[in-house]
Amino acid sequence: MSVAEMPDWFVHKKLRGNLIVARWVPAALVGLPVLVLFAIVVYPTVWMFYHAFQDTNMMRLFQGNWSFVGWDNFAAVLSSGRFGDSVLHLMQYLLFGCVLQVILGTILALTLYEVVRKEWLRVILLIVMVLPMMLPPSIVGVLWKFLLTPSNGAVNQALLNLGLIDAHVEWFNAGVSLWAIIIADVWNWTALPLLIVYSGRVSLPPAVYEAARVDGAKGWLVMRRITLPMLKEVIAIAFIVRFMDAFKFVDLVYVMTSGGPAQTSELPAYIAFQRGIREFAIGEAAAYAIIIFAISAVLIVLFLKYLKKVLKAQGFA
Amino acid sequence: MARIRLSQVNKIYRSRGHAVHAVKDLDLTVEDGEFVAILGPSGCGKTSTLRMIVGLEEISSGDVFFDDQRVNDMDPQARNVAMAFETYALYPNFTIEENLSFPLEVRGVPAAERRKKVHNLAALLRIEDILGQKPAALSGGQQQRVSLGRALIRDPAVFILDEVMSHIDAHLKFQMLFELKRIHQELGKTMIYVTHDQVEALALADRVAVMSNATLQQVGTRNQLYHEPVNVFVADFIGEPPTNFFPVELDSAGDQPLLRAKNTALTFSVAAEQGRRLAASGRRDFVVGLRPQNLHLDMPGGADASVGGVLTAEVAINEYVGERTILTLVADGHRFRAQAHAETALGRGEQVRLRYASADVMVFDAQTEALVA
Amino acid sequence: MARLQIEGLCKGWDFPVIDRLDLTVEEGEFFIVVGPSGIGKTTLLRLIAGLETADAGRIAIGDQDITTLPPYKRPVAMTFESYALYPHLSVFENIASPLRARRLDKAAIRQVVTEVAKLLRIETLLDRRPGEISGGQKQRTALGRTLVAEPQVFLLDEPISHLDAKIRHELRLQFHSLEELRRVATLYVTHDYAEALSLGDRIGVMGHGGLVQIGTARDVFMRPRSLFVAQHLGQPAINAVTAHLTGEGAALHVRAGNSSFGFPVVAAHAAALGRGGYRQVTVGIRPQHVKVLRNGEDAPGHHVIDGHVEIYEALGANGVLVADAGGVNLTALTSLERDFAHRQPVRLALQTDAVFYFHADSGDNLLL
Amino acid sequence: MSEQSARLVRTLLLIFLGLWLILTLFPLYWQFITAFKSAAETNRTIPTFWPEVWHFENLAAIFAEPSNFGALVDSFIIATGNTVASLVLGSLAGYAFARFPRQAGGENLAFWILSNRMFPPVAVLVPMFFLFDAMPWGTDSYLSLIILYLVFNMPLATWLMMVFFRDAPRELEEAAYLDGYTPLRAFVKVTLPLVLPGMISVAMLCWIFAWNEYLFANLFVGTQVRTFTIVIPTFTHGSQSLWNLQMAFSMVAMLPPVALFILLRRYMVRGLSLGVVKG
């Protein structure tokens, strides 16, 4: 039936609400949550966007006499060496933190599923490996700060006993303290990508693997040609989740090193936090927050486009 | 090609505490190039049997031979057996072409030869136009053809189909049945078809193995199962519309043996030979099985009855279904069915005389349900 | 007087699924809509039930216009194709659900539900969960839920088409014998033509957004209004041969393209076809009207032709044989006992007085 | 890929798994033994891998101080309060997105709710600090943190609840309508029971994230209300951290989320796999 022959009732029919619920119900259902979200997210965001262009600090905020300074805050942030270093630290954290965690998580999840045959053993191992995710950052920070104390920390002692090092490692010196944070973070958050990839693997269709077995494919060939391609989407989601968290990661930096020594372990989000809360340079902190959000948003959108292309090619999307 | 022999095969599933005996002492032989169907209700052990032949399931006891070579410890690939799955189990991330060529890729067949084989198989299955697509974009029928293709491309010794028709629409199923028969005629492969649908099994297979709660009831050609069912289960399971059963007693032996439905006037006359076997069995209680197709409306001047009998009954329901009419009748409180010509215009309550040939009367022992005469 | 009346009903998403459909189901009538899956049968039921909003047209039960009433205010009960039983509630609670909705007292509910359960022979399953019972029992539970609601219209969406053949026979009898279903207007939807012919007081074949033909089982099957109707009723499908008519007056003759297949037109048909002056036609021959003669057997009043076997299969109640009759493939029905080898020569007897003649383009039946 | 090399790879992977287990458990083991060491023993130059003397009284010492136990109670109130709020709001929005995607703003609104997790906390902290400061309940109160934690818990709850509602078949609700139930009663009778397992896994996730939160708590509360996360680092003796007490208190504070996970692990894996795969 080509368009020309369409009956006239069909050509100009208008979308009618369904009979079951009045039109306003969906809007009402979403209304309250959106309202709450508006108050706790949109309002602060707008407030920050506004103050990012002012020279607000604590004093001026109380007196209410801040003034418009255009892009100065942004210029100050972008030109400061401190911000440049922190971005480098962030790259280091992203590479050895996020990427490493997703790779580790994937390998562990697949090993747990493919190699550990007994069901009860697999459940216990899963519980143990997900334990660190259950701990608050303050506990993790304190714990690892204690473990890594250079003089009599358990880690140095263990490494000495194993002969891997011959002298104490000064974990909290400049240039090394960021690694301490990364180690603690890997220990704390690898469990999340592990759980995501494990859940993804659990829900793959078992019949496909039997077909592979009948076709004679085994071990690595199955992993490379069947399992990993099917898990691409899930691994990507694990990466995005960790990537989003990385950009706003402050807790361990604050607890373990307070960005020290001499700002060598600062991350952009931490500086924003420090400038905003401790030093009350609110205008500048707002600029920081917006720059960080911009970078992460751009990278994620690029990543999603790439992911959509890959999935399209695979026939998923 | 391969001749498959199962001898005293058992499968016991052990899970915490209790064990399920899924297949009991199965003896079955599939000749080289033969098309055998394994038929039975769900849970009768047919799928476990299939998985033991393919090598996806470990054999608890007994042996499976491919051309007299014991294959118990060989994996599916070594047995050179191929399988089409009920849920198609196509590789979702591969195109159809990759799905078809993957089994060859695993065997290290060079790319050029793979492409050639894929293309002429696609021609046989008429799926050339969808080689570039992904399984998710295909209809049930197309996916099913691709899954057949993936199994066929390796030129396996044995080709096994596991309930491949259960997700196909009714009218498409007819074409598919013809195609499967055509493929078997063209390739002459040894094929094993597992299904719960007796129409598919009887349509396709040279011989059908009927299973029920883990034991093999009977193996036979369509006519053997139809005319000489070994017990009530097989007689009931085979046959569309379902067979009618009447609990009876042996009333009188001799030349005109009569079986009478308990305390009613309903009697069934059988051939003298059948009478002798019934008397010889020394039993009194039997069950009579009569297929609706074998009850003919006694048209005035109809074909004269060879040795047989007549039933009078009242029409309860007249179901006109286009090609034929199915009458639901009641006689002495027994409700049964008869199949009649499409133009039968009998209404509810009309008295009818039905003729049957003694040869079509099946008599089973009431206790053992085994066929006696 | 709870008659179901549908006038000019329209519903469409990206194309008009239901286009100005008219239908009247009398009180106590068991009306069946049959058609291939995806033709819009379920949409029609959902429109009557109020689960979808009609774009145009009017639906009335008795003299109450329910076109814009929400489902919970319509005097209608429906069984879903997937049964839609509440998995977390027992069979008893599932059946009692409509009465719970009306807040009837406990004793009344228990009495009604046990009575209906006895009627449907599922009284022993009342405290089981839907997950623990068989397909046939699930279907009866869903039916019980609709009976208990005592609506003015029953809507049944493919109630038994997902069950095994054996249970389907049994449940078909149930629909025949259930008096309760015969007290009110019932609209039953299925894709299985045999079910439709066997159960329907009247049958509507659905196509092109509406009901292409409405009539009794024999009307629709023996006097199809068009090729579309003929092709959708009958398994295996009707033989449709494009052919042209040669000869004049009473001596009309059918010739199929360049093949040697053809047969003389029966006098009665020749008269009607002659007046119309048709030349190009599509000839419809039902497989049951193509007999495969045993050697030596002849068939008075039939036109006998020679052919050889392409493929033969026993399909359920009878054998299906595809024969190449002079370049045209003809499907014939035989009894189950017979068997045929590949390429075996056979003699086919055509019951030419039961042949249909359809217009080459529009597909309309030229003899109606 | 011969059989031996396959087995070799398998053993290597198992060793890798074992190593990771050790790496995961070692800190917890160290936390456990430190919790029962005396303050002196914790500061030894050569740390002992097993306490010479077991000081069970460390735990008693912590809870002798009522405010410490009070901190656990405060954390519990905030976490539970926030979980209930997140669940209610998340379910409302989730149901609307699942059942009425077009009218309720559909996918992009849902994605937007999820994406605000990308905002650095400071973008929210400063303005909210001043906003709550002006509010009657002030910053140092249960309500301030309960509301504030919605920033990360509500989007998560909304997203997962949307997936679970989509997973509950709409046909059952429709069957309830035809039985005569109004939409609200149908929701309670049919959809809610089916979504309950999903709700439990969402509640659990939200509760754990709220219980573990540190940054917001650190800034907003501290006097009337003290969550355990901000109390732990305060166990010091002058400049010297009392590691044994901090470890002991951490161990106690760790129990609820760990217990919750072990108890409801099935729901969590099911919830996540459904949320991830379908999301």
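Read from first to last, the chains carry the letters A, B, C and D; within each, the first residue is number 1.
One rule holds for everything that comes next: contacts are C-beta pairs under 8 Å (C-beta built on N, C-alpha and C of every residue); 3 or more make two chains touch, one makes a residue touch a chain.
Quick caveat: nothing in here was measured; it's all calculated off a predicted structure.
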Pair with more cross-chain C-beta pairs in contact, given A-D and A-C: A-D
Separation of mean Cα positions, chain B and chain A [Å, integer]: 57
Chain centre separation (chain A, chain D; CA means) in Å: 16
Per-residue overlap in chain C, given as positions that touch at least 2 other chains: 50-51, 70-72
Multi-partner residues of chain A (each touching 2 or more other chains): 17, 20, 221
Pairwise chain contacts, counting only pairs that touch as defined: A-B, A-C, A-D, B-C, C-D
Chain C - residues contacting chain B, complex: 36-37, 164-166, 169, 172-173, 176-177, 191-194, 197-199, 217-218, 221, 233-237, 286-288, 311, 313-318, 320, 322, 333, 335-337, 339, 342
Footprint of chain D on chain A - complex, ascending: 17, 20-21, 23, 25-27, 29-30, 32-34, 36-37, 39-41, 43-45, 47-48, 61, 104, 107-108, 111-112, 115-116, 123, 125-132, 134-139, 142-144, 146-147, 151-154, 157-158, 187, 195-196, 198-200, 202-203, 218-221, 234, 237, 244-245, 247-248, 250-251, 254-255, 268-269, 272-273, 276-277, 282, 285-286, 288-290, 292-293, 296-297, 300
Interface residues, chain D side, partner chain C - complex: 169, 171-172, 174-182, 185, 189-190, 193-194
Contacting residues of chain C [partner chain D, same complex]: 49-51, 70-72, 76-78, 80, 82, 84, 86-88, 97-98, 100-102, 145, 149
Contacting residues of chain A [partner chain C, same complex]: 1, 6-7, 9-10, 13, 16-20
